[in-house]
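Each chain gets a letter, A, B, C and D, in the order it is written, and its residues are counted from 1.
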Amino acid sequence: MIGHLPQLVAVWLFAVGLYGIVTSRNLVHMVICLSVAQSSTYVLLLSIGFRAGGTAPIFLDVPVGTRAVDPVVKALALTDVVVGATVTALLLALAVQAHKRHGTLDPEEFRSLRG
Amino acid sequence: MPLLPPLPVALPLLVAALLVAAGPFVRRRVADLTAIATAGATTVLTALLLARAADHPLVHWFSGWTPRGGLVLGIDFAVDVAGAALATLCGVLMTAALVFTWRYFEAVGTLFHALMLVFLAAVLGFCLTGDLFNLFVFFELLSVAAYALAGYRAEDPGTLQGTLNFAVTNSVGGILVLSGVALLYGRSGSLNLAEIGRTLERGPADGLVVVAFVLLLAGFFVKAAVVPFHFWLADAYAVAPAPVCILLAGVVSELGLYAAVRVYWTVFAGVLAPHAAGLRGVLLGAAALTALLGALMCYLQQHLARLLAFATVSHVGLTLAGIALLQPDGLAGALLYLVADGLVKAALFVCVGVVQFRFDTVDERALHGRGRGLPVTFGLLLLGGLALAGLPPFGTFLGKALMEDAAGRAGHPWVAWLFVVASAVSAAAVLRAGLHVFAGWGPPAGAWRPGPGGPDGSAAPAPGGSASSRPHATMVAPAAALLLVALALGLAPGLSARAHAAAVRFSDQRAYAAAVLDGATGPAGASAERAGPAVQPSGTLPPAALTVALAVALAAVPARRPHTRGRRRKAALHGVLHATLALRRLHSGQVGDSIAWLVAGTAGLGALLTAVLR
Amino acid sequence: MTVLLAVVLLGVAAAGTATVLTRDPLDQAVAASFFGLLLGVLFLVLQAPDVALSQITVGAVALPLMILLALAKIRRQEGTRSGQGAGSPPERPEGRR
Amino acid sequence: MRSQTQRRVFLVAMAGLAAFLVWGMAGLPRFGTFAGAYSQFLNAHAVAQRAATNVVAAITFDYRGFDTMGEEFILFAAVVGVAILLRTQRDEEERSPTEEAEGRHAPAASNAVRALGLAMVGPIVVFGVYVVAHGHLSPGGGFQGGVVLATGALLVYLSGEYVTLRRVRPEHLIDAAESAGAGGYVAIGVLGLAMTGSFLENVLPLGRPGALLSAGIILPINAAVGLEVAAGFVLLLSEFLEQTLVLQPRGGGTP
């Protein structure tokens, strides 16, 4: 029933995030849109590793051998979350600095400021 | 298991952490010396790897997880000659950049050095790893370090725009790569390059394989700055401080190509083998477009850093042409060219850094004739420009000769002409700029050319000295040393044979998989068989001579004002001006434009490859 | 289970779209926080509590906070600039609604 | 490109790319049926091999611990990068936040809010340490716990004690903590290399699965990561706080 919905959502998030970047007139907005596009990879990774009826791969209360979802994609997604967060922080710092220097957050106004 | 492979990554990371921890208590010169010594020691380690990997790849399994029962459980470094050679190049360039930094920055804390070392570790990990996700991790690590380094001069106008374009475009490239990794994991259940390759080879080249291939290729092409993924590059180069430019030009685009080749030859070569002819066509087309557009844009620039940036784009195209032949001969030439060209471009950026340090600007018009007092820099820049054109016996000549030879035998003789035109035009731009700036050739502040809208390059005060400061020997020496190494590469006996052997190894997917997964150490049978006698590139001297002559001639042309008599000539000139203006407008530096082109490029690549691979 | 998953997935898609289409940065920070939270819920449903915990601490708390701080800085500058008058770039609206 | 053209080019290309991606994803195993050999093996054997009941932690910090080392340095590089980008410029001066209590954007907290916030710091720190220390047993670990710990420091700010925070925030110590965390990870790796011949290989006794002191080097690595992440996020947030509250363009008017 659910079919390819997770992957469609991943593609949608990627597309919508990029749409936001392309049309953005505000750097902070652009940075947030990038993080939306980045979140498509979390959804894609975790949906690939999902197993219907599986538990989380933590065998503290359930015995080893219980049907569990893929643990590898979770390790990858964890790394991915950190990557997304750090890039966002760096870009926000750039935006703050840009506003401090140029008094604007509109990327189109940067055109004349190219070094 | 060899102990050596993890060390070149661990050492700089450890020192970087120490530098930040000890930050407030470390004097500037101590930080400089520590960073240079670390980069030097790391380079020695990579050179050792290069020597040891000559016979068979060195495979190191992290956390002790050697494959169990044919199943890969951990992450491996699989060091072969190509990877180790590129790692050594990166080490050399980093050492040169740090030596250059010694006098370039006036006040700089330990943070800059720490970031440079993190960048070095990331780059080396990228070269050595045999794991697809690990490759992505190092891809992101080197990106994040590079964003911060490129934005180092945050107080300058334009820096933020260039850095932002760089960071956003490359982050989207990272998303593409990771999506490709996820797809391959979903198909093969593995993250090891060799293991994925084996799994894919057993199945069909269906939609998933094609899409994963396109995603990885596009992501790496963003790093490599293949047209139309290149829109971030000139802006990043224009704003990054000179030591960082040395690395961006010499290392980052090289790594993008390297990753594309590595992934192709370990993962996709087997499954896509039946479609190699179509793939070759698409890649050759991208290569030609990149080489020509880069050369043209290069010739139109007056901002020296932008000029070299587009020269980089053009040469990425040339290297891609060698790679696109998809066989060991072209690959051998491409590998050699990658290394030699990286050295030469880094040397040229050192020269530009000297100019910037001395005059506070890198605008060709503003600098007209002002460089007369810097004869050594002038000489090095001219030599670098000629090496860029492939003057024998520089290593660039050897690499190009091998690629031309391979293209001719593969039935694409036109590639030789592409090489002549693209490298002549880009080298001519460098020579012209050198003659204008250092010898005062041509009209002063010639305003006839279609200038860019803004004050291109006029701002960007040198972070260090004032206008009166003289460049120190530690700033010029790296350029001389780098050119010397590029020269030595061309003169080293038997280098082309070795490059050929390395390329044969590199492009043997089964031998790679056997070495990584089964621990096979001997030279693989197939490799030994195919390693024929090395190519002798003596037949390619005439094109090289033609290229150099053309470069020199083109460099001298714009020294005269164009004749504008006659209505037809005027109209023609007008048309050319309009075309170049349109081209410039395309390179708007807008993040949105970069992303739109990136998406269009990926979709286009997807459509083309779907057509030829199905 | 399947229905829950479908609902959460569609919610994530909608929240992501809303985050992108919210052009005012301050509103957007709130939208982004909600989107981050919803992603965390999705990860819980997908049996990935580790990732959910990371996502909620980072995506729904730390990052929106950084955005708010960045915006506070920017707002403050605009305030200073308008008070200062001449010599500063023209005032412009923070975003378009 | 003009924005109209740009948007059109993008929309057409994006539609094509989206269709292309969906076509590729159709080749994935049907949702919910994935069974890769790698993950199956780890789910079956990781607990026995590593004595860690949280298989994700075993992968993150052991089987693929080298990835996580790279990830920690991504955070490290970002913190250093933000510090570089936001470093005090020549034309700015520091202003003490006490001088301008009214201009401060943080709402002046009432005493009740303040007390509540400060009262929550203790439990949050305890929770953070708990999450770090139990990473190999249950969901959590160095990263999540580290962020929780950093949030604890943030609460001090939210309760209006930023000035206090600034006073008690010994910057060098936090820098050192971050570096110690990141460097410690590498050091554990080198220790493995020296003792067993493989970088990051386990050198500690594994213990009994489910016990707090188990899972070999996963626990010390988690501690290193927790230290680095907590310090890193405190540094990141305080860089932005610094921008908001303390730095002023030189000559800028008083609000």
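Convention: a residue touches a chain if its C-beta (ideal position, glycine included) is under 8 Å from a C-beta of that chain, and two chains touch if they have at least 3 such contacts.
All values derive from a computational prediction rather than experimental measurement.
Peer 1: Suppose chain centres are the mean of their C-alpha atoms. Which chain sits farthest from chain B?
Peer 2: Ranked by distance of C-alpha centres from chain B, the top chain is C.
Peer 1: Between A-B and C-D, which chain pair is linked by more C-beta pairs in contact?
Peer 2: Of A-B and C-D, more C-beta pairs in contact link A-B.
Peer 1: Where the CA atoms of chain A average out and where those of chain B average out, how many Å apart are those spots?
Peer 2: From the centre of chain A to the centre of chain B is 28 Å.
Peer 1: Using the average of all C-alpha atoms in each chain as its centre, how far is it in Å between chain C and chain D?
Peer 2: That pair's centroid distance is 18 Å.
Peer 1: I'd like to verify one number: the distance from the centre of chain B to the centre of chain D, where each centre is the average of its C-alpha atoms, in whole angstrom.
Peer 2: Roughly 32 Å separates the two chain centres.
Peer 1: Rounded to a whole Å, what is the gap between the Cα centroids of chain A and chain D?
Peer 2: Comparing mean C-alpha positions, chain D is 15 Å from chain A.
Peer 1: Using the touch rule from the top of the page, what residues of chain A touch 2 or more other chains?
Peer 2: Where chain A meets two or more other chains at a single residue, that happens at 2, 5-6, 12, 14, 18-19, 22-23, 44, 47-48, 50, 56-58, 68, 72-74, 78-79, 82-83, 86-87, 89-90, 92-97, 100, 102, 108.
Peer 1: Which chain D residues reach two or more other chains?
Peer 2: 3, 6, 10, 14, 17, 21, 25-26, 28-29, 34-36, 38-39, 42, 54, 56, 64, 67, 71, 74, 77-78, 81-82, 85-86, 89, 139, 143, 236, 240, 243, 249
Peer 1: Going by the contact rule already set, what residues in chain C reach two or more other chains?
Peer 2: Residues 48-50, 54, 58, 62, 66, 70, 73, 77 of chain C touch two or more partner chains.
Peer 1: Determine which chains touch and list them pairwise.
Peer 2: Touching chain pairs, listed by label, come out as A-B, A-C, A-D, B-D, C-D.
Peer 1: In the complex formed with chain A, which residues of chain D make contact?
Peer 2: Contacts found on chain D: 3, 6-7, 10-11, 14, 17-18, 21-22, 25-26, 28-36, 38-39, 42-44, 46-48, 53-56, 58-60, 64, 67-68, 71, 74-75, 77-78, 81-82, 85-86, 89, 137-139, 143, 209-210, 236, 239-240, 243, 249.
Peer 1: Where on chain B is chain D touching in the complex?
Peer 2: 1, 3, 6-7, 10, 13-14, 16-18, 20-21, 23-24, 60-65, 71-75, 111-112, 114-115, 118-119, 121-122, 125, 131, 133-134, 137-138, 140-141, 144-145, 147-149, 151-152, 154-155, 179, 183, 185-191, 206-212, 214-215, 585-586, 588, 590, 592-593, 595-596, 599-600, 602-604, 606-607, 610
Peer 1: Can you name the residues of chain A that touch chain B in the complex?
Peer 2: Those residues of chain A that touch chain B are 14, 18, 21-24, 27, 30, 34, 37-38, 40-41, 44-45, 48, 72-73, 76, 79-80, 83, 86-87, 90-91, 94-95, 97-98, 101-102, 107-108, 110-115.
Peer 1: Where on chain C is chain A touching in the complex?
Peer 2: Interface residues on chain C, with respect to chain A: 2, 5-6, 9-10, 12-13, 16-17, 19-21, 23, 25, 28-29, 32, 35, 39, 42-43, 46-51, 54-55, 58-59, 62-63, 66-67, 70-71, 73-74, 77, 81, 88-89, 92, 94-96.
Peer 1: Give the list of chain A residues in touch with chain C in this complex.
Peer 2: Touch list, chain A to chain C: 1-2, 5-6, 9, 12-13, 16-17, 19-20, 25-26, 28-29, 31-33, 35-36, 39, 42-43, 46-47, 50, 54-58, 68-69, 74, 77-78, 81-82, 85, 88-89, 92-93, 95-96, 99-100, 102-106.
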